[in-house]
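These are the structures, in structure tokens.
Below are two complexes that have subunit A in common, paired first with subunit B and then with subunit C.
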Partner chain A sequence: MAAKAKTKQRRHGLIDFLVMAFKINMQSVMEYRLNFIILAFGMFLNDVAFLVFWIIVYGKFHTINGWGFNNIILLQAIIAIGWGFASFFLGNWNRIADIVSKGALDYYLTLPKPVLLHLLVTRSSFAGVGDMLFGLVLGTYALSSTISSIPLFILLIVLSTIILISFGVVIGSLIFFIGGQGELQETLQTSLLLLSTYPFSIFGGAAKILLLIAIPVGFITGVPVLILNNFNPLYLGYMFIATAASAIVAYAVFRFGLRRYESGNAINVQI
Partner chain B sequence: MNVSAYAKYLSIAKVEMSNSFSSVSSALIRNVVIVVVLFIFYNLWSTIYGHSSTLVISGFTLVGILWYLVMSESVVSGSQGHTVSYRLSDDIKSGNIAPALSKPYNFVMYCFWSTIGSAVARTGIALVLGSALIWFLVGPPQISITELPFVFVSVVLALILQFLLYFSISILGFWFEDTIAFKWITDKMIFILGGMLIPLSFFPQWLQTIAEILPYSYMSYAPSYMFVNFTMSSFISTVALQSAWIIALGVIAFGLFELGARRVSINGG
Partner chain C sequence: METIISVEKLRKVFLTKHKEAGLAGSFKSVFKPRFSEYVAVNDISFDVKRGEILGFLGPNGAGKSTTIKILVGILYPTSGSANVLGYTPWKQRRKLAYRIGTVFGQKPQLWYHLPAIDTFNLMSRIYELDDRQYRKRLKYLVDLFEIDYLDVPVRRLSLGQRMRAEIVASLLHEPEIILLDEPTIGLDIIAKQKIRELISKLNREENVTVFLTSHDMDDVEKLCNRAIIINHGKIVYNDTLERLKRDYVHTKRIEVKLAKAPKTLVFPGAKLIKKDEFSLNIELDQKRGSVSDLIDYLTGNFEVADINISDPPIEEIIVGIYKK
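Right, the complex of A and B next:
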């Protein structure tokens, strides 16, 4: 009974902590309002540019190995919302290696909060809002004729975003084992983004297997688009398995890597 | 400018160039992205062309478009990243620009030579890696060795044009808190209207006309098209237009810098 109460209290404490982190990030938005608007709007336009590329391609070729323009819209919506969410609410998800290499992890180790969660939520990228808005606009357009698919769309975005963040944590945690300056995380993350923004149907054979197992790009955009096009409970089951596996691997790699972390005695001030 | 001044700036370019090669592992890691991009494009365009080596679409065969993309991606990726002009807006924001302005060199020339030094090196590394992949996948490019020096001239002019554009954007840091959003938009202008992602001949006619008028196409499309479809007349007209844009953007870059530098106040040393 006492243990149950303690777990409940801890859960409440965690939720309060996440709410507080969100409030602090929002205060930062309010403090730099103009900067926030410029970055969010700039990212929105940035995403539109890639859409122009696909408009040109699909203006010339109406389908690419079975993938029509609507599939590309869905794909862009899923990755934009996921990437935007991760960047705005868990802004350090793509900076773990950089933080570790600078010895700035010490700050998180000294506080009585879950290290990984605390690390992820203490930064917010304003540009993420631009990504989310772009994704929402595209998602609304793509699903306007099939409103009943919206709950499935939301579920798939949640699963896809967990896989995306998990991948970020895994490649960020590689620095515990191989060292370096964090450039590997940036490179791999950019590669992941690139791979997940092209039609999954262009890849075949070994590349397709690689993109489903080794680098779970297929589960970030490819499989969700397939499910939205033609619902298959088996594929949805694979999505849940891939999500659970990604999250467990990410947590385990980070925890295992943390044991190898050596403090640089760097003094960091968290503002 | 006298001879010793040239030697000073050439030394700056050489230092930046050697910095780009200083860590082989870092250089390779940075260029993983270009290999991934070209691998994606190989899959995309092979699917579109139905793996046919003879089909011609908008003036390009499959081999032609893939070698076009090797060049267009390398020329743009070479100028991206941690070049001086890219860091400049941060220095303006933090105030670090003040001591740099008081040093015994022309600040714009310093930025120019250091950027060109690293950009030439980075473009070279990207070209080697990208060429290795595409050569392995589809075979060699259709260009003779004697034509390569002409393409090299156009590539260098494209890098100079990109420097002037990004330098001007960075200088906006004198007036704006953060210039990163302007950089994103400029990047994407080069990606799309510059023909980095897709040749201009695939555009609808009206968009192609607009893209050809703007300077972005001379930063990526022009040297890349020349690489896969070389003629002496296209070389002369491309280089002439690239030079004209260099003069125009140069005037804007220097003008903006002169205006911005007036806002810097240096107190003591």
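Right, the complex of A and C next:
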């Protein structure tokens, strides 16, 4: 009997599982036909409204601490694509604290897949599609005159998105240590989103250090925009280091937190 | 028989925060929080043999769910050891997960808005099953559990239908042990009976070891070879079901709904616990009178509309154990 499970053919690997998880998410989202279209379109409009604010500001001031309107467009493109990607493909990235506080981690812990990955891919928000579309439109506009920077733009988005998701995992995992009901993750992520849409040049001294290390806004939007404006291999190196460090810290905090998981008796359902 | 679950001095302590009632109490607890230790599982030891159906019984808050959560790797224990199929659950959780199945009555695995077949397909990928093998297994289980609602969204299913599908989801990978936490909670009598029959059949046909927690004595009576009773985190009984019934369970509860107001009840061993205008609640000492004779007596002397027979609540059995 012991050998039974081992000899079982395991043809499907992790990729098959991820593809199936994504399909299930799509099926779940599409159960309510109009809902997902409204979500995506609504988020697109929401992003446009936010951009209007900067159009008005830059209508009055041509630069803010050396940052022109094109930089703001690039910055918005990076955060929108990253946030949209995370919400669409790894939809639980910003709900970890809520899941832990409700004892809903039990589901993932009883199944033989890596808990963090399984948790992240078990939800898809269609609002992310609106974000990604908005980001792509802005990115295309901002880079239309410098098409050669598109590969670099894509690379920076990948790195920035990994840092963004890692930040979500770290602050979501804080609940293992300090308890609560998930509001902390929500609040800190809203702060990150707001701060990441401001020109990075307005921050100086201690604020800049804080925004590079504690709330890594600097590496999510600030540094990528600087690299796109004026390529500097040293800055790109910093981006790689920040990405690797964020991912390692996120994984370690989550794994360490799991030891303190207390489950719970709330009734949970897989939506 | 081979021992496949072995637990030694397992202990789990939770830190519980206390606060006085109301807003003032909450305000005070912000500045001066008060914590105490709550021992959910208190140095318990037991073994389970392959092929057994073990009932893990206890009232609410006794430590049943905490124990099962440690055994599947959800929780880390505070101290003690556990070995399930050769693995330490909280250290080798993923390896263990391929060989066990879990059903939590209050934590469904099925996707709420989708038909059960979609969750089954997802499970086949999670457990990395071969497609052909999966289809064959699915057909066998669907027939066995009489699931003729594969394409109906889970939200539209009755609780009993949903629970049958939950059990199927946990059996697709042919686990050697299935751990069920309150699988009959909230179900009506017919649905409970169906679930019990299926678990029993599965044990007979596939020699699957069943570890079942419940606060319902009926579950254990209909299913289990052995019962462990846990109270306040400690094991108070660990022996055969025959001994439990012989030594501690000799009463039955009979609830009778009547079409006309009741007359006086005179039957050997029958004690009237509660009497309403149109109902009687009777406790019968089976050493002094049999259930079938009591039913004959009731139907002969009263206008009976409905009868419900059940075991005494687990709390009473525990009191009996402590008294001995």
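FYI, the second predicted complex is superposed on the first by the 252 of 271 C-alpha atoms of A that agree within 3 Å, B and C clash if a C-alpha of one lies under 4 Å from a C-alpha of the other, contacts with A are read in each partner's own complex, and residues count from 1 in each chain.
What we mean here is this: contacts are C-beta pairs under 8 Å (C-beta built on N, C-alpha and C of every residue); 3 or more make two chains touch, one makes a residue touch a chain.
Computed from a predicted model, the values in this text were never measured in an experiment.
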Which superposed partner A:111 touches (first subunit B, second subunit C, both, neither): second
Which superposed partner A:207 touches (first subunit B, second subunit C, both, neither): first
First (subunit B), second (subunit C), both or neither touched by A:178: neither
First, second, both or neither for A:41, with subunit B first and subunit C second: first
Shared subunit A surface residues [contacts with subunit B and with subunit C]: 32
Of subunit C, residues touching subunit A in the complex: 14, 50, 65, 69, 72-76, 85-86, 93-95, 97-99, 102, 104, 106-114, 118-119, 121-122, 124-131, 133, 153, 173-174, 176
Touching residues (chain side subunit A, partner subunit B) in the complex: 32, 34-35, 38-39, 41-43, 45-46, 49-50, 52-53, 56-57, 59-61, 64-65, 180-181, 183-184, 187-188, 190-191, 194-195, 198-199, 201-204, 207
Subunit B residues touching subunit A - in the complex, by the definition given at the top: 26, 29-30, 32-33, 36-37, 39-40, 43-44, 46-48, 57-58, 176-178, 180-182, 184-185, 187-189, 191-192, 197-198, 202-204, 207
Interfacial residue positions of subunit A with respect to subunit C in the complex: 1-2, 4-5, 8-13, 16-17, 19-21, 24, 27-28, 31-32, 103-107, 109-114, 118, 259-263, 265-271
